[in-house]
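Note that subunit A is present in both complexes that follow, paired respectively with subunit B and with subunit C.
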Partner chain A sequence: MAVIRDVMPAFDLFQPSSIADAQKLLQQQGSDGWVLAGGMDSFDWLKDRIKKPKVVVDLSGIAELKGIRSTAEGIEIGAMTTLTEVVEHPLIKEKFKLLADAAELVASPQIRNQGTIGGNVSQDARCWYYRAGWPCYRAGGNICYADTPEGRNREHAILYADRCVAVNPSDTAPALIALDAKFVIRGPKGERAIDAEDYFIGPDIDITSLHVLRPGDLLTAIRIPSTWAGAQFYFEKVRDRNVWDFPLLNVASAMVVSNGGIERIRIAVNGAAARPLRLRVVEDAVRGKPANAATGESAGKLAVQGAVPLQFNAYKIPLMRNLVKRAIGGVAEATWTS
Partner chain B sequence: MGNTGDKEQNKLSRRDLIKGVIAGGAAVSSASYLFRASTLLGQATRGAGERLLTINVNGQLRRADVMRQETLAWTLRHKLGLTGTKLGCDRAECGSCTVLIDDVPYYACSVLTHTVRERKVLTVEGLASPEGKLHPVQQGVIDEQGFQCAFCMPGFLMASVGFLKTNPNPTRSELAQGLSGNLCRCQDYDKILTAMMRGAANMREASRA
Partner chain C sequence: MDFLKWAISPWGQRVPIHIAWFLIWVAVIAGFLFFIVHATYLRYFAKPKEFQSSGSPLIAARIPEHVPRHSLTARLFHWIMAASMFTLLFTAFLPKVGMPFDWVTYHWIAGSVLTVSILFHIVHASFFMDFWSIWPDKIDLRDAFRRTLRFLGKPEPPPDKFAKYPLENKLYHAAIMAAGLSLVVTGVFMMFRVRTIFFPRNPYLFSDMTWGMMYVLHGLAGVGLIALIMVHVYFGLRPEKRPITKSMIFGWMSRDFYLKEHDPQRWPVESPISSPASKGEAPEGLRDAG
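Our next item is the complex of A and B:
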């Protein structure tokens, strides 16, 4: 598609300075309203004329959505906190380095200066058929262009596909799931905090959205409990280019090892399905076992059970198996198996 | 939205207000403040027309009529005549539009001008001193003949200057990391890095002097 270089089509721009005002605006606008956080995902949609919201609500002027606070239970990160702030914050570096590692691998320095943690977990799928405006399932149509014999689906799903085969592209999402974070959502009926893994949904629940937010809802903060502070962390992202690129796959794990055995563990991968996947089966299987290559090997095999490759993405199955293996057994010990 | 009549009215009243402000002259600088303050529902913030903004660019307060959907790169190039900021991809994928906002590098193609009202924008035109003495990083480019076609140069310069504010004495690989959000289609990265390293040394020298 030719790149359009003219200014974006006109929209109304609201710049509220409080969550309450933003909330009122979004409720009033319903599905006409577009929430603008850092804008790194939004502007592509608007510039390409694929999405044409009448009203844009810019959250950048809301101070209460920004910043990282220490709380009794752990830390709270405002949804409009930039990824650079997340990477550089001393508390996150000290206690939850997993999240800093994940955020540091997002896109490019300029994008991390502008992109927010709330936007990173709420961004839309990168399937190019969908992004280019093809009338696919995710866009409300009744066909998937990627899941065809000729469809370009190297980046697409190997697990839990249901008509749509797009994947969730977030790097911070699996890290937040591994850290057992809670997402705070302000909606028309008040505030609620949900588990990180419940924030993300697959096409079986809603084929047009990667997350649970509905018109009028606002993700206001992410809370990370102290439960996993200072645990043994592992984050790895595999991508084609070392800058800008979204993950082909990534893995995030938090593990507590005592006397050589895995006492507790949370592990998640992204880029494999329409939602980041917490690998509960793996967690249950490796608890009590030594954190070594052998455990990692069997964990990797368990992780990819049921995986169904498309025409061009079969490589993701050994990739995911090996990423899980490395997360549990360590990089030095866990040699690559194809 | 079901309130078109109301919207029309607001549009008119805003236009009248802008006219009034222009006629009044002296009240211009307060116009953006008036609009900004009206975040309450149903006030004159509605509508998709242009509106008068005062933004701080290169240390000067510049006035411009800015559409709500206008990007900073567009305002700089087409409204303020600052064409040193280049537009490569217009999709946050190349870095040639990089400017500093409050000393931090951003892609100007992906920032709405309406979000920088209270902030300080620095473009490549603002690097040299008013007397024309080049910025130490610009001097580094001349010293090392750092670019081929140099279309990407303004973006690289701004990304470098921004990065060097946080790390004035980087290793070559740290600087490469800091500049990884900028592309050069001539693939001249090695020479660019050499020039930017020289620029960093020039800056340290200048701050010692």
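Our next item is the complex of A and C:
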């Protein structure tokens, strides 16, 4: 299959200046429309000529979608806010450092300057069979090339695979789930706010999308409540190249510890499945227990229950177990075990 | 307008991957059109049913009040198959028309139930029922011809009463059998592409083209089944067919309905010559015939 790089297919470009206009345009165009945020994911698709939208709606001119605002409930981050702004914003650094840590580990400084928080949580899967334009399930076909004995699936899913084994590559997604964020979506029926974990969907629900956005929908903002402001945070990302790379796995946790015990906790991992996974079973199991290595150890074991490795990604099981263990027990206490 | 969805395989081959999903709506519309046309025909154009006289009052007198039509086994098969087919249709097509949910597991479980029930039915119908009762015979074809000519105003003698199943019923069975077997055979192979408890995944069992054709056949049979089941439900609810519907629930039909529509010579419930029951045997017609 010939890949023609750097020459994008022709499309109509719209550059609306308001959310209302953008949403209306997307609604009019339906499945022919393509949302362009920072372009970090989009331009790959377009230059490789794998996706050929008829219409591109560029959101960069919409001021309403940019910036970080303090609200009565917490903060609101416009979907077009760059990752660098998220990393550097004093309010986020002070109260929600988990998100700043996660955003800082996204790709490279250049990409963070251009890439947006909305784009980071809405980016598509990195499975190379899919990105190469092969007619796999995710592309609307009837096969998964990665889930075969010969398939290159080192980076793929160990949990909740359903025909497609691609994973969600976002770093900020698990952090936002741990912070109990709400995603604000403007659609044909108006505005709705959904829990961060409900924004992401697996192949069992829709094999061609990693999120709930449908044609005509637009992610406009992410709201983080004050509930977890100043909690004990942990974010760790494991990747092949520490300079810049997508995660093999990452973990994000927000924990409130009192009297030596875990009073409240939210923990999520990404890179293990097609959607970032909130580990509710782990949360329930460790609540009330001391935040130490022993608790982390049992939490790690619990987290990987039901994991099914593919041919080349069995390493993800101990990796996930150890990341969860370190998120709860702390890096110093938790000894890495294979 | 493309009826099939095509893709380029990694080997550069143009292969079909599935049917175009608008065919779901084509099937639904076809089903509704059938309702309208058939109901209009019955209401405004159909002539009252006329049959040739069949049998003597003596034969009629021997017919029991409740004429056994479907054994418990046959009824259980029917309803299990119906439940699995509805599950298959809903799990297959609701996600395609904008109601996404976790459907695959339910789909292959329902498919497995359907497969087992159809295998059972084949054995049951072949060895324990009157196998030929559901297939059109010469009289059915002759009577279909007569009925057509009579509808067109030609002077033809009235058709015989039906055997156990009217010709339309037999043709419907043939259609649902073709669709069902296509779905089951392709579905069993398609289970090699998902994780089930039966066999390890092997997406390379066939070539891309063969897989593509299999998905297309599965899809076509599936949308065909939508229309077929709509028609089946429609007939099941029609007032004049209710005795037949009730017989699929209770196992019997009334003597009056039997004598009105069925020919005791073609579907004997009691032997007109001699009663085997008097010799201690079950009368032929009282044995399960489907």
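Everything that follows uses one rule, which is that the second predicted complex is superposed on the first by the 332 of 338 C-alpha atoms of A that agree within 3 Å, B and C clash if a C-alpha of one lies under 4 Å from a C-alpha of the other, contacts with A are read in each partner's own complex, and residues count from 1 in each chain.
Assume a residue touches a chain if its C-beta (ideal position, glycine included) is under 8 Å from a C-beta of that chain, and two chains touch if they have at least 3 such contacts.
Everything numeric here is computed off the predicted structure, so don't read it as measured data.
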item	value
Simultaneous placement of subunit C and subunit B on subunit A, clash or fit	fit
Contacts of A:54 with subunit B and subunit C, given as first, second, both or neither	first
Touching partner for A:111 - first (subunit B), second (subunit C), both, neither	first
Touching partner for A:147 - first (subunit B), second (subunit C), both, neither	second
Contacts of A:307 with subunit B and subunit C, given as first, second, both or neither	neither
Apex subunit A: angle to the C-alpha centres of subunit B and subunit C, given in degrees as a multiple of 10	120
Touched partner set for A:242, first subunit B, second subunit C, both or neither	first
First (subunit B), second (subunit C), both or neither touched by A:32	first
Subunit B versus subunit C as contact partner of A:16, first or second or both or neither	first
More subunit A residues in contact - subunit B or subunit C	B
Shortest CA-CA distance in Å separating subunit B from subunit C in the superposed model	15
Overlap of the subunit B and subunit C footprints on subunit A, listed as residue numbers	none
Of all residues in subunit B, those that touch subunit A in their complex	1, 36, 39-41, 45-48, 67-71, 74, 87, 89-93, 95, 98, 104-107, 109-112, 114-115, 159, 163, 177-181
Touching residues (chain side subunit A, partner subunit C) in the complex	1, 134-135, 139-145, 147-148, 161-163, 201, 204-206
Complex contact set, residues of subunit A against subunit B	3, 5, 7-18, 21, 24-25, 28-29, 32, 36, 39-40, 43-44, 46-47, 54-56, 58, 60-61, 84, 107-111, 113-114, 242-244
In the complex with subunit A, residue positions of subunit C that touch it	5, 7-10, 12, 15, 17-18, 95, 100-105, 193-195, 201, 203-204, 208, 211-212, 215
